[in-house]
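The following pair of complexes shares a single chain, subunit A, combined with subunit B in the former and subunit C in the latter.
On to the complex of A and B.
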């Protein structure tokens, strides 16, 4: 009888009310992005048709503001970082996992050490070097500190270490070069680990505000996070609907990836926990 | 690999193969190695060095001032303010997001059909772009416009303007912090709970532990405690790195009431251009986060179940 008691109902009530708080900001953002100026805060009595407001706000966000440019910048930076990261980390992880060579332990120690250094702590020296070589305010400047990842090397190393030696040996006997082995044998086998890391990396760099804020000066090169702040500063309070439309569009890509690949996404993001 | 190569080649061939494999391995690991040295190891040393000077960004000369920046730091009320705010923020965000997540995870672990749905909803804030969501929160917590203002007015209560008052601003940031972090911790706890096998749960039920609190206290909690400690340390690291919400919402104000360590490092170094002093602050930050990270690695290697 106790099984039918209030406990499950109570549990659902708690879960549902927390869920409401979690999801409310998103709902509010979407609603605000679909409303005409003045309507959001209930000052407007005659509301224009919903679709007209949506069209108006999103058209202003996409056509009158540099938002598409910000998204493009974000995609270039995030994509570029991820691509170079994969090239530098998979090769390094392969070397560490399957070869014996002098310096191996040193490299591994540096990889482990880099895990406990937060990215913000190295900002100033990198900034000085970038300034010296006239690379502030460039894509390369934003990407430079993130071209490799101690975390990815560590993760891939764990994976490759348990990859059977026999397969690699057989490939060698077949005349494959080591580069071919990495590209044609390791990479396909590593897809789950790669996907999880990709999601971790994309989330981190798409959302990053700290480093772009230091390096990027011109509006044209701003990633979405910084671009949103520029937009807010420029337009002020009148264009509230378009601002919320921008916020929705900036948040949308990651949420869509999340909804499309939930398990992998959760795995990727919670990797920071194992890191 | 090379040591256990089983080709029929002679010893010489084997040795030269070993040498070339070693060369190859160095070539493969060189880019990452050089990048890690250039972007992590060297900068840490440089920051420590700069912290002993009075270097200002844009200036060509600098003087060595020894521990001058550190003594200045100790007598800088704004540094202590930032540290205190960081500590308060952490003291609010970490316990709520860790024990809140633990409670939710235990509730959720018993659900069958609705579990996926709740997981997705709770994890949504973690995936979202905090800069954008901070702008949204600034309206949600606004005292004059927005839903909270409406709610309070509807209840006949006086308006609460979160980001105009020092104490409330810190609480406002903490609310956003909990909202952003709790789903992350929840997922880690759920992973930890699945390790506790269902047989164990059934066995405990047979032993008469069918009360919710009994099970939590005698079964779940002891098994989950190591995981909890790791999540706790992890949350401290996350909370100490609070930056986006401060930069978007308060800029450290009103009157420094929400100034946080990372935000102060950023403004002192890159806005006020006091690179030497900023570096001393960075060293403090590095030591704090580094200690937590080492603690986490140490604890994680010992006994956490994920």
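On to the complex of A and C.
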């Protein structure tokens, strides 16, 4: 007979139960989005066919609610934040990792310190600033506090520091300016790290509810999470099917992105700090 | 393609409080192959980086063909460099790597933007010229079949060739090489050594080559500058460096087999080691204590009784083209004394002798080198006078 040892079984049991706790809400969300109203919480005598429920729920989610608009808002904000973040953090990380200048250690310490400041602590001052500049209820207002990221600077700094100096010297000798070195040499070599950070950033800002809820008032500018909240408020309590269909549609892009970039993501997370 | 001469004057480099280079003075002639040789940490790579312009120097001047190049950035210095790690751009193909320096020099910033070739026929024309030059570069280096590979898919020797090709792309006047062969295995190193010498002969430009491998330095260079502790101890032809080292540290560093050293006493021109009188007579050397050094192949087995000393044999090694004998030098106040013989001489000697026996040794004429307490060589022997002057003149420069 095969040797059954207790330890791996136990370990898998623990892992499986934790995984179940994580996954179950999504399973429930998907199942609810495929059921007719009333079927979710109790058993109906005659359940409508599955496909009919799916068609009904998803049609209502896409056509009766402003969900496409919410998704567009979310894509603009998340994409904009990511692009600007990469520009600001890669250049900053390059300077911190490869140049020797007065105050370098201090600046890096401040970057690390900023990681430990919770977003809630700075929310009120930033809100006041935005109000003064009349930027509340705009895309820019949502994006502004996140245009740079201490975490990204730290992550990229670790990567760039392990990048060979000689390649950068060779590029300078070949006549490249520092900007071109970043664009033509560093960025292509940093793809795994960029992919890893992009996943973090996109997930966080796509799912962020706290900050948009503070800044955004009009339904037209709401990102998906905030939009769902509006949607639920308008529809009242019983339309769980369409609501869950919306939630599924909002979650789907993230899951797809993660699956597509999974290998690079893992590579990027393990690569920084190993060398 | 003519090389530039380089004049280094009173060059100093300091990192915080450590002085890495101390008042370096060196004249590199145009078209010369000059090697900077020394143990790691002696400042040779730093000197090369100052020449390339990667780091500012603390004091001094560097003139290239009489023109001060210190204010110039690396790309304006008309130099190329091959790095120890080759420093190829990892995400570009061989073709891309070879093309970068050409794109940078022939295209403006706007013309380099992606898509510029689609819009402007002029850019298309320049790009075509670059592609032609890349093909010309790849052909003699044997890279034509590898143009579409990435550096990770190449062997060490191939990467080295790509690095050389990329450095040659812009027709530099000075070629800097920072230990380009140290990451390769022994066989390949021999082959590429020959290729680099050939490249130097073909192009006729000035080469400054950094290495810690003394055999490489002796084999390749027109002149060798031996560095130690941030100073140039001696700069001369490989012959002079080997036969007439100016400094005990140079004598120790150069040579595949360690040089023999023993303490010597000079009284009225007569030399004795640890009380054993030698056949040598060194007129003109003041009385006193010296270090006497002799290359292993300049010690001979002397059978006719006119030997300098006879020492017990510890070990005999046969390496094919020569025989190495290690003797116990305790009797003359030294450690191991190494003797190298040609096998045929050894075979003649061998009869009736074995390890543990004593062999009579004599120092070949003109082979004894005397160093004073500070390690500097004192010329005692009547050297061929022309050579001495040459060495001196090079120092004056």
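The rule we apply is simple: the second predicted complex is superposed on the first by the 235 of 275 C-alpha atoms of A that agree within 3 Å, B and C clash if a C-alpha of one lies under 4 Å from a C-alpha of the other, contacts with A are read in each partner's own complex, and residues count from 1 in each chain.
In the analysis below, a contact is a pair of C-beta atoms (placed from the backbone, for glycine too) under 8 Å apart; a residue touches a chain by one contact, two chains touch by 3 or more.
Note that the coordinates shown come from a computational prediction; the quantities given were computed from them, not determined experimentally.
Chemist: Pick one for A:185: touches subunit B only (first), subunit C only (second), both, or neither.
Modeler: Touch partner of A:185: subunit C, not subunit B.
Chemist: Have a look and say if subunit B or subunit C is in touch with more residues of subunit A.
Modeler: Higher number of touched subunit A residues: B.
Chemist: Would you sort A:164 into first (subunit B), second (subunit C), both or neither based on which partner it touches?
Modeler: It touches subunit C, and subunit B stays clear.
Chemist: Have a look at where A:135 lands relative to subunit B and subunit C in the superposition and call it first, second, both or neither.
Modeler: neither
Chemist: Which partner does A:173 reach: the first (subunit B), the second (subunit C), both, or neither?
Modeler: both
Chemist: A:262 in the overlay: touching subunit B, subunit C, both, or neither? Say first, second, both or neither.
Modeler: After superposition on chain A, A:262 lies in contact with subunit B alone.
Chemist: With the two structures laid over each other on chain A, which partner does A:113 touch: subunit B (first), subunit C (second), both, or neither?
Modeler: A:113 contacts subunit B only, not subunit C.
Chemist: Can you list the residues of subunit A that meet both subunit B and subunit C?
Modeler: Correct list for subunit A: 169, 173.
Chemist: Which part of subunit C faces subunit A closely enough to touch in the complex?
Modeler: Going through subunit C, the ones touching subunit A are 52, 54, 73-75, 79-81, 83-85, 87-91, 100-101, 104-105, 112, 166.
Chemist: Sort out for me which residues of subunit B touch subunit A in the complex.
Modeler: Those residues of subunit B that touch subunit A are 1-7, 21-22, 24-26, 28-29, 31-33, 35-37, 39-44, 46-47, 50, 57, 104, 107-108, 110-111, 114, 116, 118-133, 135-137, 139-140, 145-147, 150, 179, 182-184, 187-188, 191, 212, 230-231, 234, 241, 243-244, 247-248, 262, 265-266, 269-270, 275, 278-279, 282, 285-286, 289-290, 293-294, 297, 300, 306.
Chemist: Quick check on the complex: what are the subunit A residues that touch subunit C?
Modeler: Those residues of subunit A that touch subunit C are 164, 166-167, 169-176, 180, 184-185, 188-189.
Chemist: Can you list the subunit A residues touching subunit B in their complex?
Modeler: 7, 11-12, 14-15, 18-19, 21-26, 28-29, 32, 40-42, 87-89, 91-92, 94-96, 98-104, 107, 110-111, 113-118, 120-128, 144-148, 150, 153, 165, 168-169, 173, 178, 203, 206-207, 209-210, 213-214, 224-225, 228-229, 232, 243-244, 246-248, 250-251, 254-255, 257-259, 262, 265-266, 269-270, 272-274
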